[in-house]
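Below is one structure, written out as structure tokens; comments come after it.
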Amino acid sequence: MIQDLLISEPSLLNATIFLLLAVLFLFVVLGFVTYAILSERKVMGLMQMRIGPNQLGGRWGLLQTVADVLKLLLKEDTIPKLADRPLFIIAPILAFAPSFMVLAVLPLTDKLQFADIGVGLLYYVAISGITTVGIVTAGWSSNNKYALIGGMRAAAQMISYEIPLVMSLVGVVLLTGSLNLNEIVAAQENLWFIVLQPVAFLIFIIASVAELNRVPFDLPEAESELVAGYFVEYSGFRWAMFMLSEYVYMFAMASLTTVLFLGGWNSLPFLGFIPAAVWFALKFSAVVFLLIWIRITLPRLRSDQLMEFGWKVLLPIALANIMVTAILKELFPNIF
Amino acid sequence: MTFLLSVLVFSPILGILLLLLTSKQHESNLKMFGFIGTVPPLLVSLILYQYYASGASLADFTIKNNWIRFGNLSQYDAKLFTVDYELAIDGFSLVLVLMTALLTSLAAFASHSIKKEWKGYFVLLLFLEIGMLGVFTAQNLVLFFLFFELTLISAFFLVGKWGFAEKEKAAYSFLLYNGIGSAILLIVIMILFARAGTTNIQALTHIITIGGVPTIAPISATMKYALLVGLVAAFAIKLPIFPMHRWMVMVHVEAPTPIVMLHAGVLLKIGAYGMIRFGMGIFPEQFKSVAIYLAVLGVINFLYGAFMAFIQTDFKRVLAYSSISHMGVVLIGLGSLQAAGVQGAVFQVVSHGLIAALLFYLVGIIQEKTDTSLISDLGGLAKTVPRLSGWLLAGSFASLGLPGMSGFVSEFLAFLGLFKSEPWLAAIGSIGIVMTAVYMLRAVLDITFGKEKEKYEHLTDLNWLQQIPAGILLLLIVSIGVYPSLLGEPLQRTLDAIMIGIGR
Amino acid sequence: MDLQTMLNYHWEAMIPEFIILGTTVLLTLLDLFWPPYIKRRRLAWIGLIGILLSLLSLLAVLPIEVVSILDDSFRLDSFAKAFKMLLLVGAAFVMLLAESYEPKEGMKEQRGEFYYLFLTALLGAMIMTSSGDLITLFIGLELLSISSYILAGIRKHHTASNEAAMKYVISGGISTAITLFGMSYLYGLTGSTNLKAMSIIMKETVDTQFLYLFGLAFFMVLVGLSFKIASAPFHMWAPDVYQGAPIPVTAFLSVVSKTAGFAIILRILLSLYREVWGDAVGAFSFFESNSIYIAFLAGITMIIGNVVALRQRNLKRLFAYSSIAHAGYLLVAFATLGGQYFLFDTFWFYLLAYLFMNLGAFAVIQVVSGNTEQEGIDMLTGLYQRSPWLAVAMGISILSLAGIPGTAGFIAKVSIFLGAFAVDPGFYVLAAIMAGTTVISYIYYFGILVQLFLRSSIIQTKPKVPAGINILVAVCVLMTILFGLAPNIALDFFHQHFGDLLDF
Amino acid sequence: MEGLYSYQNSYLFVFVFLVIGLMLPVVALFIGKLLRPDKPNIIKASTYESGIEPIHDSRVQFNVRYYLFGLLFVIFDVETVFLYPWAVAYEKLGIFSLIEMLIFVFMLGIGLAYAWKKKVLKWT
Amino acid sequence: MTEVPLSAYLVLALVLFCIGLYGALTKRNTVIVLISIELMLNAANINFVAFSRLGVTPSITGQVFSLFSITIAAAEAAVGLAILMALYRRKKTVNIDEMDTLKH
């Protein structure tokens, strides 16, 4: 359906349909976030031999997150006297909007993709960078030392890991010769890129965890040092926006990982009868699980370890990966 | 034989090398080498004169070598936009070269009064000599300009370092006025060069009188006038012509004696030389129409100089203004456009060179002995230093144009010329002759026979060594005065050429 | 593109660049991995060897015909060779200068960078001279600029140096933006960034609107590049930057950077606009109808540079204004297009002469100011007594800067004048301004000479002259005089190896 | 035409997503405003500093490291801009571009080594 | 929906350029001046890209050029900021007017 719409002449009607579709999708994403948080808590609990949320919504605690959200909605909204008011208000929006915008280009299945733009990958990278600005704005406008330090750390970390992230993608682009995400998926019909680009995959996962500000790279919001990092002054739904954007990014990253390295909606050999959407969902869930798993397993890094790891280990490896891929492609044009 | 001119111009380099190899502490050695350095040019110029006197053609000495070629236009004409290294000499230059070489030797001789940094002094003096000799022998404008600027630079330092109290100021005003003059000159030269493709004087004369070179942009008639005016203006500053004379007075007062000798004797003459050689030589047609203005300027200069000399209290200033006045005579002669007048102008160039050198030499000695050159401070020197006073009187007579001395011949001829062409102007101008006599005698008589001053009672008179320069100069002055052909003969051919050029 | 095609390229055309690039990389790595006890000054010698090797390789590629590689974006034509030679020679001298640069503070950590940033800047300049495409041209320009920004501020702990760099970045950034904006129009109007292709399209354009836009783009590019050569009214940065930057950097800016600036101006503007029409009917060429504006820029630059220089007491500042003035002189040559015949040789020779005379002067300034951080004009007072050799060297450099005959500076100026007058109508006013400002420049140039020779110093210490600087000064002075007296050594070399840059 | 429509529609989608991304926080906050209590007092509005009175301005001067990393990021990120077109067009360009890019990445590597050796990458 | 005309881009670029120039010449804060310079450079980039698609003879070179100029602008900004930092540490100001060590 979307495909047909996309090739029809743009009109106001189209725009309205798009809007409705996008709102629909928004609710899907919000639903994902709700249950991602729940599952995260649940998985964490199970791995730590606890039970996890089990009160609201049956023994699985299915309504726990919903209740949390409602609580946030009812919470009083305070803005510190010394804060830079306009910036303080803009910051959560600035952080959230890009996270949702990047979803527009992700191909979920061969049918289900909203915007099919030629430079999808570049679009993702470019737009996701804006979030950093929102975070720094939040940290700065709060006029609070913890917030400022948190914001600066976040910025430093995000820009540091952005480079290996972006560079690891070059390997994938080299293999497909396109920045279009659909074409990248199509190129993995026979062989997933995780096989051809294992190094890139590793870098990408590590860097994306850092980009998501998740453990072990969650220094910007390190509770024990910085109370709550850049959003220490935020409360209620403003605070929720930051959390929301984090989890939406998790959705986006997991999708992107699936698309780039796990063959997207492509099925495993001989299993083509299973619908593409299911394949995508399976891979996607696996990545989300991986992210949660990492969070539980690994301890938080020190700030200097974090930065030096990014620049001194990931970046050179990423550079080397690019060159090795290019050379291999030159030497074995059939495989690569 | 062609090498002789190169040797003439560049032989002072020998002296420079000698000086550079000498330690800067050895005063007597330095002074000796400095003097020795000036001897080779003198000898060479005498040899040249000897050749000339024995009837050889001066054209044989012409030297011409490829030097600079601008642009890459050889496909049109191999000589286009080239500047050659070309030196030549004719009677006029020969006389001036002789005078230059002689005066430089005398100046070097008179340099015993220099008190410090002899090494630098003599090196610069010899550079100055190269410049002066080059100016008079250069056959193209660029080369001329090169030597011209060489004299400028070396004179700047000589005045600025070894002069009297206000030396730096004097040096600066010398530099600026002459700088402006040379800038104008450079523009004129460059226009000629750019439009004619050459700066050789003969070639230029040919091109200007016949018409432009077809390959390059033309030289319009208006431009010819503009160029001539530019040339005259440039040389007028050097000469100097009122109102551009202030620098020259300053230099004459502040510069060290030997340099004033050279400056008054030779450097000022470059202006006259340039006007005659390039103004009249290259632009004869145009020169005819501006001649009258030159004559008027000449008369003004003559009278103004005389008047100013009359009211000065400092003997050096008197002499400085007298130089201005006498340079007016040159203009008068040139402006007359008569053979006699031009001859007079040329005579004046040489004659004033000798006379001024003599007078400045003497005043330098006076100042050295008495520490002053104010007329009011001096007086009665005839009693204490009779020989000095005697030379001074003789010099002043020469200067005021006493018959039998060179000054008379030149002034007479110049005014003769002007009377022929512009009698009224000449009549006004001749007042100046009387004035000259008045101011000269007033000053000199005051100094020699005026009220005696006690403090000068123990002055020592000139010794025989000091009298040699004065003797040589006076001898020449008198010789020319008594026997003008001594000068007239070598000058004749040049004069003829000029007169043919302006069609008289 | 396969391996075969790649290897078939005439890579030898880029060897000079490759050598510089290689040297830069080598120096960077050595600086990083050498243990701290090895003196970083040794890097300068390696850099110098690199530059000399590059120069040698350039000489080796001199005979080859025009080579155009990488889609015509890199051209090795005579123009490129000629200017690269200047750049390399200049950079070699600057390297010598930098080797012995030893300020009191603020240079300890950055010594390594100091040397290889010169090389990256040089690389940028070299790319500029031989690029045939706007993109590479722009890259070269920025490589040079950005390296220079850092160089100007290389003394991290020195306020003046920081400030100079900041000002340089700001003005440089603005100029870059303006240039780029102009380039964007040029690209838009022609649809190409290749200079050859662009000029073909521009030649055929007759549409008035397009011609108007071409004019707009021309002036945007010119204004932007005027910053680089520091011509008025875009010169404001130069005095501050020259003063604040370390001396070798100042020398680099005034010699190499300026040469490159003129190279790019000639490259872009001439190759694009030489055959563009000035109006829709084709009565005038573009330059004919617009030369008045360039002439205006040139005039203002000369006046501002020379007049403001008069009241400078800081030597580096004074040289900044002097360098502005010289940019003005060169703009005269650009405005007049060298009278068609003399354009490239004028530029080349002028920049060559400027290189030697300016570097000679800067070397002396560096030695004299030593590590005292004082750069006032009084540092030179009485240098003649302390170190005659340095004083004479400085004196000759200054004389050449002033354009006194006998030095290379004179011949260079003569070429400009020739160009100004060889067309009809000549650029008389412009030439008059040039001559007039030259005379004004005498005041401050001779002011330095007065300090050097005529005054006696309070300081008695003899400056210590490192061997490298001695060689540098000797070569500079020698060349200044050699090219002044025998300019055809250079000019013939130019014509023989580069022709008239007809393959431009 | 279809290509063009698809192109325009795609960006229309992007725009729609942008609008929703901006609207969601606004709408949610508006709804929250209707529901939540609003009883501000001075204590609530003061800056949080672990429960004690805030001291000094919080906009303190920062460790220069942050800026250095910022600068480093600008350089490297922009350099990767060149890697993307190259990677896309790699198949068409062939070995020449490979060598070119090897040189380019080598230079980048030197830049990194430089920063490394100059202790720019060292946090603390 | 039709294509945006070339002139719109050109006017946009010109406006940006003028704002940038105005800012660069009048603002006293160095950071703002540097930002203004970026604005000017980006104005040129808009021109390049617009011409490259909608120009008289469209070609890809314009986009390539803009890529290069973006890179260079980044390098320039980096250098500018680095120098500003060095200066700030010594003078404790980013105001251009207070950079007055270098006066005759």
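Chains: A, B, C, D and E, in written order; residue numbering restarts at 1 for each.
Here is the rule we go by: contacts are C-beta pairs under 8 Å (C-beta built on N, C-alpha and C of every residue); 3 or more make two chains touch, one makes a residue touch a chain.
Because the structure is predicted, anything quoted here is derived from the model rather than measured.
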Neighbouring chains shared between subunit C and subunit D, ordered by label: E
Taking each chain's C-alpha mean as its centre, the one farthest from subunit D: B
Between D-E and A-D, the pair joined by more C-beta contacts: A-D
Longest centre-to-centre distance from subunit E, chain (CA-based): B
Most central chain, judged by mean C-alpha position against the global CA mean: C
Centre-to-centre distance between subunit B and subunit A (centres being mean Cα positions), rounded to whole Å: 94
Subunit A and subunit D, separation of their C-alpha mean positions in angstrom: 13
Gap in Å, rounded to a whole number, between the CA centres of subunit E and subunit D: 20
Distance from subunit C to subunit A - Cα centre to Cα centre, in angstrom: 52
Subunit D: positions in contact with at least two other chains: 8, 70, 77, 95
Multi-partner residues of subunit C (each touching 2 or more other chains): none
Contacts with two or more other chains, residues of subunit A listed in rising order: 10
All touching chain pairs, where touch follows the definition stated at the start: A-D, B-C, C-D, C-E, D-E
Subunit D-facing residues of subunit E, complex: 1, 67, 70-71, 74-75, 77-78, 81-82, 85
For the subunit E and subunit C complex, residues of the former touching the latter: 10, 13, 17, 20-21, 24-25, 30, 33-34, 37, 40-41, 43-45, 47-48, 50-52, 55-59, 61-62, 64-65, 68-69, 72, 75-76, 79-80, 83-84, 86-87, 90-91, 96, 99, 101-102, 104
Of subunit C, residues touching subunit B in the complex: 339, 341-342, 345, 384, 399, 404-406, 410-411, 414-415, 417-424, 426, 431-432, 435-436, 438-439, 442-443, 446, 449-450, 453-454, 486-488, 491-492, 495, 499-500
Contact set on subunit A toward subunit D in their complex: 5-10, 14-15, 18-19, 22-23, 26, 73-83, 92-93, 96-101, 103-105, 114-118, 122-123, 140, 142-148, 152, 155-156, 159-160, 162-163, 166-167, 170, 173-174, 177-179, 227, 232-233, 236-238, 240-241, 303-304, 306-308, 311-312, 315-316, 319, 322-323, 326-327, 329-330
For the subunit C and subunit D complex, residues of the former touching the latter: 1-3, 5-6, 25, 28-29, 32-33
